[in-house]
Amino acid sequence: MSFNTFGKIFRFTTWGESHGPAIGCVVDGCPPNIALSEKDIMKDMDRRRPGKSKFTSQRKESDKVKILSGVFKGKTTGTPISMIIYNEDAKSRDYETIKNKFRPGHADYTYFLKYGIRDYRGGGRQSARETAARVAAGAIARVVLNKLIGKKLKVVGGVTQLGILGCNKKNWNEKEIRKNAFFCPDKKSIKLWEKYLLTIRKNGSSCGAIIELRASGIPVGLGAPIYSKLDADLANALMSINAVKGINIGAGMNAAFMSGEENSDEMKSILGKTKQCWRDIRRNIFRSRNCSFFLC
Amino acid sequence: MSFNTFGKIFRFTTWGESHGPAIGCVVDGCPPNIALSEKDIMKDMDRRRPGKSKFTSQRKESDKVKILSGVFKGKTTGTPISMIIYNEDAKSRDYETIKNKFRPGHADYTYFLKYGIRDYRGGGRQSARETAARVAAGAIARVVLNKLIGKKLKVVGGVTQLGILGCNKKNWNEKEIRKNAFFCPDKKSIKLWEKYLLTIRKNGSSCGAIIELRASGIPVGLGAPIYSKLDADLANALMSINAVKGINIGAGMNAAFMSGEENSDEMKSILGKTKQCWRDIRRNIFRSRNCSFFLC
Amino acid sequence: MSFNTFGKIFRFTTWGESHGPAIGCVVDGCPPNIALSEKDIMKDMDRRRPGKSKFTSQRKESDKVKILSGVFKGKTTGTPISMIIYNEDAKSRDYETIKNKFRPGHADYTYFLKYGIRDYRGGGRQSARETAARVAAGAIARVVLNKLIGKKLKVVGGVTQLGILGCNKKNWNEKEIRKNAFFCPDKKSIKLWEKYLLTIRKNGSSCGAIIELRASGIPVGLGAPIYSKLDADLANALMSINAVKGINIGAGMNAAFMSGEENSDEMKSILGKTKQCWRDIRRNIFRSRNCSFFLC
Amino acid sequence: MSFNTFGKIFRFTTWGESHGPAIGCVVDGCPPNIALSEKDIMKDMDRRRPGKSKFTSQRKESDKVKILSGVFKGKTTGTPISMIIYNEDAKSRDYETIKNKFRPGHADYTYFLKYGIRDYRGGGRQSARETAARVAAGAIARVVLNKLIGKKLKVVGGVTQLGILGCNKKNWNEKEIRKNAFFCPDKKSIKLWEKYLLTIRKNGSSCGAIIELRASGIPVGLGAPIYSKLDADLANALMSINAVKGINIGAGMNAAFMSGEENSDEMKSILGKTKQCWRDIRRNIFRSRNCSFFLC
């Protein structure tokens, strides 16, 4: 029993292997009448695209997304949006030498035992190339959310730890993330990171990293009460990405060391004057409820 | 849109509020012809039961599970197993004082905004009491796995960090976990933990904790390749428990600080002589495949 | 792999055997803040209840539904609504004689081959008693729809064919259906039906029947475009009821014999003046879209 | 909320519009290690292909299926199989004239009200062209079943009623179905059908039809007990095809007119000598159970 679909109301199915002819994605449940073009999707694809610097995958892919369905005259129709990305730099030959070897830290052995068959070309389905397909789906989600909730909703990610080197989060600068090869939000850390990574590469080694995601403008009440609560859905999604082995939400594991007072997450009114508070909450219910019913 | 169901082939739906008449669980997809009694379930329920020491919830509940369907003459029939646990110590009055207050660190406010209604009695559905229902489902899962895979499959959890106090994991003793009030695997840490927690209580404070789960004898190939891979399913399940905010699998977040060599997870043959290796792997495929197709 | 759940946004899971201690139902996804009591549910349960006349099942059940969760102070909270119905007239002894016999026209043999176990007491899970649980879920759906869409939405069913005897559908009288033991909408057919069925019973035989369902006031756009289109969902639901072997929607199988013109289903404006038509359609979109997104 | 996915363990998602660049299908859950080529799929595609006679759609499509993933060196890998079929004869211009008209008997109006947008080119997503994608999925299912269950499993369909003309089912000849333009199993009816349909066409009219499906060699126990029982899954699938408005399983609606004795579906032993019967049933359990657990 295979599960290549993620999401509930807005959900997508990804397919494709690292070195097959193409990879792709079918988004089902996208609302109708939303302006959408391949250009909207390429914004996010270009940020993920390999081969842009010597610090990321050297594979050369233009990662052009072609929309095959679900959009008519520049607008979504509410029907499934199928997207295809052709693999251009797929040289299966490169993998002939590992044809009979199981790589450590990869799912080679597990796939082989589970399915009794091995697609040795770059890991086949287990390749991180699969994430290109979900970036395409995510790009559509971003367009939908911008339309439905507005630009105040913002989700940004940056690399805040590279091996043993951290960065100064007080210098977090969103624009900086898009400028450097490390997706680092702190301009002052970049030179050191570069030197560090070049040394590691020269030694034929590698290192881990930590990514920090910051979301703001999120409507209250997203997610279901227990089994698909927001934390659980996020953990589920992130853990399904190759190489992700740990997730902290808010204080995360550090909450263990905190006292109840330190970790109390006191509520602050963002609604202005106290008198209006309840009326505003009431109003907010209806605004956010429509939203959450649609999105949840 | 509510999601109170978890799991795929073996899946359960929980229901009930902290201070309603009862809570319960419906398990769907349990294989037929497996010996099952309420006693089997009570083993796990008793370990979770509140009111056993001054260090856990003071609520007095016998947490007796009654099986209402799916079992005939001591064996599962393959049809849904419905279980009910009556709430005995539900005093709604205790909560009258917080009727109009949103507690920090709880989902009071979120539920209210999302649903426009408040069940203030102990948090209603958001209470950790919900976990009793999933312990009942888990107890059945344990019986099924013992029957299908054998006793070599073992999943054990212990508390390894209590606030600022750790324990010596080299002293990990499974039996010890069941003996002390802290579920701590290290006998030597208990006295200190007790003293520490009593002080914290006296000060009207509280602290966090870390739980470590150890699983062994797991068949290779559980889970789907990407979106329901084992790590993702575990993260999803654990994050849905109240108060869980971080998850590490294996080295977890610490992998960020490791080099590729340190984190390489080298494969070791557990199959004995090299010559037999491939034949054994082949054999293993069929053994584990049947299993994983059934369980995945 | 068992599937005891039906529905998407509003969905329910039924459990229980004909002669176990109880049967029941968990409704997940019911909107919050809707007035709901056990009395609302009993209206529909009483119509289904066996033992009311000599023409239905002779089993004596009061079929009292008890709500165990999801309702607080008379209103739904948006959390799962668990309902239980105790079996009162379950005499397993009555079935000892068929313990080793597979009844024709029943699922005895199939269950036995599939699960390798037999619950011979009244068919166990395969008993039509399961439908009591879904009547309870349906009663809640009716309350929700009355609240959300209004009383103009109406779904009524009547028996229009009893063995070889039809009725005159021109005499369709909704109130009549609730009055007679045959749920027949045509008062003039009842006497003949009664005589016919008594003869059949005397001969130790039985006969089939056709039920006609009439729905009006349905919002446009319910259902998904293809795989969960309204027709498909209805067929799915109805075919899952014991003994149902055929379904016609509209003209049904008779459409085969019709020409394109006869079967063209010409559209009639129900929107009044032509001039207003388009504006009204536009308006209607938003009205019905909210609705259909919620219900779909 | 859109649902373009069908099936459980073996499930597929279809996408694409009648006059978009392509249509396609992603099959998830196909077992690994099964020989599969595009040629296997074309066998079924060619039978569905339009433009083969003057009695079917005049649209010219070669309907070549291209497999984009999930197959490596001629065998399935257990990962999603993505298939694409390019639309070659899509002339959107042809539909400009109906741009502002809602056709009777089509979903034009419903789609417009539900989604607030109209893809007028041949019905867009609502076109029967979508069934080409599911024929591709079905072709894979057929290959899998042939491998897992063997050639004794057979599912054949033929047209047995064309408007007011039936055929003689006693002449049912499977090979004949593949030979004539009407998929009629009775050679003797074809001439009359042809004459009849030509007259209808000349008058600018059309007619309905009945298709009969015959399945044999089916393992006992397919499907779930109640909500996804075989009858319900079949009704669900068939009703989702455009223009299908009625379904009879076995005697279907005619069962209404039969007595209990006539409709009793008496069991016949296919297991040979009575003595061996129980042992054989027992054996059969394990055989069929493996199978049904896998397929169900």
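Per-chain residue numbering starts at 1, and chain names A, B, C and D are given in the order in which the chains are listed.
Operating definition for what follows: contacts are C-beta pairs under 8 Å (C-beta built on N, C-alpha and C of every residue); 3 or more make two chains touch, one makes a residue touch a chain.
Nothing here was measured: the structure is a model prediction, and the numbers come from that model.
Could you tell me which pair, C-D or A-D, is linked by more C-beta pairs in contact?
Result of the comparison of A-D and C-D: C-D.
For chain A, which other chain has the most distant CA centre?
Between chain A and the rest, the longest centre separation is with C.
Between chain B and chain D, what distance separates the C-alpha centroids? Give it in angstrom.
One centre to the other, that is 44 Å.
Chain C to chain D: how many Å between their CA centres?
Taking the mean C-alpha position of each chain, the two centres sit 27 Å apart.
Suppose each chain is reduced to the average of its Cα coordinates; what separation in Å results between chain A and chain D?
Computed from C-alpha means, the inter-chain centre distance equals 38 Å.
Which residue numbers or ranges of chain A touch two or more of the other chains?
In chain A, residues 1-5, 9, 14, 78-79, 114-116, 125, 225, 293 touch at least two other chains, as defined above.
Considering only the defined contacts, which chain D positions touch chain A in the complex?
1-5, 9, 13-17, 20-24, 26, 28-30, 32-33, 68-70, 72, 75-82, 84, 114-117, 119, 121, 124-125
Under the stated contact criterion, what part of chain D meets chain C in this complex?
1-6, 8-9, 14, 102, 104-105, 107, 109-116, 125-126, 130, 161, 163-164, 200, 205-210, 220-221, 224-229, 231-240, 244-261, 263-267, 281, 284-286, 288-289, 292-293, 296
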